[in-house]
């Protein structure tokens, strides 16, 4: 009874709450890191060094007037932010934060669940998230959001192909679709997949930038061109949901990248006995550190690079990343056959 | 106890809803969506029997059905766009010319 | 994109990237601009007409409000026009200080341009870097005349005040800082692949075409026409300065960008020469107590950061205000080219091209 | 018991959304109901021990095909629904009649089928276990040629769609 219901429920509650807190602090982190990159301080007023800024933001967004445009498609307009938020949260169901640990005399695995199609689950749930953006643009009944949602649907579908193809080569290496087993495969193989699959790693990272609508691929938002893109007409809590969904997606992308390419919860050089003393740091900490590195790179890229143009983005996706991913997949397959 | 009959009834009901959609609606996009419903009805049957017979062949066929559906959607929507560009409508009753 | 009907999109007057209250009505085919209509006038304050009812000195502070990111240059242009009308001799020291101020102002204006232009294309860090350095220039101006944006920093016949003691040293110090900062901007942009892809081959305009459209300043020089009022018809102390006029070859956004980046360096070169060679002497020429130019008309142009800034003034010789006051604003004339430039490009290029023309709406509408 | 509850709930949702897909006036709403329908069908696959197919259903149908539909609906951006045209040759009643007839026929077959013993054909012994592995094994052994043909079909469809949708070649 406890193993079947109580512990999974507890895990869900903990992960959901941790995610929402992480997302709001990701916003603060982004503002701070970008501020440092631009030689300024960032939020400093609310709390020491602005650490309570997310709370202030949340309060502000909640008490802000929530406007629905008159000519908007009322139902879809309300549903769109929810549709974009939900997939970003339910992906966490299969992300392993650590191996099985014993807690109060019980064996508890540090992931909500481990299904044997875990990786495909992540991809498919992420692919549903695109509806939020498309519908928001459509339902607003406004031109800038419409353009943004047309951009978004083309961009997200195109980059999904490249990302999924890189994932296939990881699956080829690991021989499994389960997230936990992929990490185990990296332990058994004595190397993180980032080093055996550098091409896949880079393509995945670029694809993740595009899939999460982050600079330099933030075409659907494109503040300077489309005045905010798909969420131009949104305000208040509904806007906040979009905002949170974007950051939740960034965190998901970082976690997936960590799991697939940087050995998940494994400490550096997990098979080297000399470094065993690193084991005193709990495994989930390694996971968080590695994810944090990804988050930092996401923000860093945003602070540095200009934005691609829509047609260049599509060209990059179809003419560079997808062929690269396919070539990588073929080579991986050939090498795998030759080695076995 | 849920038997394959239940699944078959479900699938035939879905099939009929799809057929009714194809027959009754004039919007070709909705007609295409009804066809997707029909294909899904078929898939439910395939998967139900696959699960009943403990044999994955049904699922393989369902995969082929999904592939065909994808191909159909791509070409069909291309035709709709090309048609709409010329006639500014998606009413199937007006699609009675082989060329224009 | 394969939309079937054209979409009319109103870009502006409330749009983050139209640099003020410019309104561009775009006719789009998918994301491609089929045609456009540039609508101006949202910031019209009637400066030209107002000027005809003010006396000659009062007009100086109206000129501040035209190109408000390069107010000192507007002041200089106006004062020199009136001096030309009155055949006044300006002391050499005043001319040198004017040159330094103009070039500082050019750097400040280009800082604002590089920041907003990069921001339009999505690189937001350059914006804050450039504003950081612009702040230093504003400090220098504050020390010189007490104001930071609208300076009212010139008088007919010379300067209102002499430069504060030690100011020239601070200017030289600023030059040193600025040298490395320009490299910093270029490091972020010039060889950045995305920047190259976003700017190369975008909004190409040939030299003769640019001349025909009446473009001036960096947009004209970016197309390979070596026209610079500072060289061709020297004013202030430019005839005593050594500097080069950078020109582009391709006439695209990237070349306009490169031209302006090189102008940063040339401006610093001029400031150095000017500051080191400031002559001693009076700061105001022999100006009559009541300024009342003789009857006649004159046109005088200077090189503002945006292009050729010309003043056409008619005096009837009787009243203490101009009979006719007319400005040839570079932003207004450069904006002429926008429609030609953006035709056939994508929406994302529209904002890039507005940025590459560097228009200030205060000057376009006056 | 649990399975029965799950089945009936899912079936109710699937049929309900299917009806909404067919009857809703607004095409975009129709597309949305189609997505929901597909998601519930995917849940039904999970119930049938076919998690791989469930995920593929979400990935390909919900994440791919229906996005295409939505894209096209937004592009054609109808001012008035096609149903507003009054066409004297409409055969709605005939359609309804045909649909009911087919339903009756299928229902008869289904009921007749319950009177017969349930077929139990043992599947060929599979060298692998696990749903994904089984499907993969079959795809790449017995059904390799259909698989290749399907991929060719997709390629042809892709080229065809590009040719059709491109304004000028």
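Note that the chains are named A, B, C and D in the order they appear, and that numbering of residues resets to 1 at the start of each chain.
Everything below uses one rule, namely that a contact is a pair of C-beta atoms (placed from the backbone, for glycine too) under 8 Å apart; a residue touches a chain by one contact, two chains touch by 3 or more.
A quick note: this is a predicted structure, and the numbers were derived from the prediction, not measured.
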Requested in this report: Have a look at A-C versus B-D and report the one with more C-beta pairs in contact.
Outcome: B-D
Query raised in the report: So which chain ends up closest to the centre of the protein, judged by Cα positions averaged per chain?
Result: A
Report summary line: Note: subunit B sits from subunit A at a C-alpha centroid distance in Å of 33
**Report entry** Distance from subunit D to subunit B - Cα centre to Cα centre, in angstrom
**Finding:** 6
Query raised in the report: So what's the Cα centroid distance for subunit A and subunit C, whole Å?
Result: 44
**Report entry** Centre-to-centre distance between subunit D and subunit C (centres being mean Cα positions), rounded to whole Å
**Finding:** 62
Report task. Spell out, as numbers or ranges, the residues of subunit B touching 2 or more other chains. Result -> 81, 84-85
Report summary line: Residues of subunit D that touch at least two other chains are 52, 56, 64, 68, 71, 75-76, 131, 165, 167
Report task. Among the residues of subunit C, pick out those that touch two or more other chains and give their numbers. Result -> 2, 4
Report summary line: The answer for subunit A against subunit C in the complex is residues 34, 37-40, 143-144, 147, 150-151, 215-216, 218, 222-227, 303-312
Query raised in the report: Can you list the residues on subunit C that touch subunit A in the complex?
Result: 1, 7, 9-10, 15-17, 31, 118-125, 128-129, 132, 188-189, 192, 194-195, 197-198, 346-351
Report task. Spell out the residues on subunit D that touch subunit A in their complex, using ranges where they run on. Result -> 26, 28-29, 32, 35, 39, 51-52, 55-56, 58-59, 62-64, 67-68, 70-71, 74-75, 130-132
Query raised in the report: Along subunit A, where are the residues that touch subunit D in the complex?
Result: 73, 75-76, 79, 115-117, 120-121, 123-125, 127-128, 130-131, 134-135, 138, 146, 149-150, 153-154, 156-157, 160, 177
Report task. Write out the stretch or stretches of subunit D touching subunit B in their complex. Result -> 3-4, 7, 11, 14-15, 18-19, 21-22, 27, 30-31, 34, 37-38, 41, 44-45, 48-50, 52-53, 56-57, 60-61, 64-65, 68-69, 71-73, 75-76, 78, 81-83, 85, 87, 89-92, 94-96, 98-100, 102-103, 106-107, 110, 113-114, 118-124, 126, 131, 134-135, 137-139, 142-143, 146-147, 150-151, 153-154, 156-158, 160-165, 167
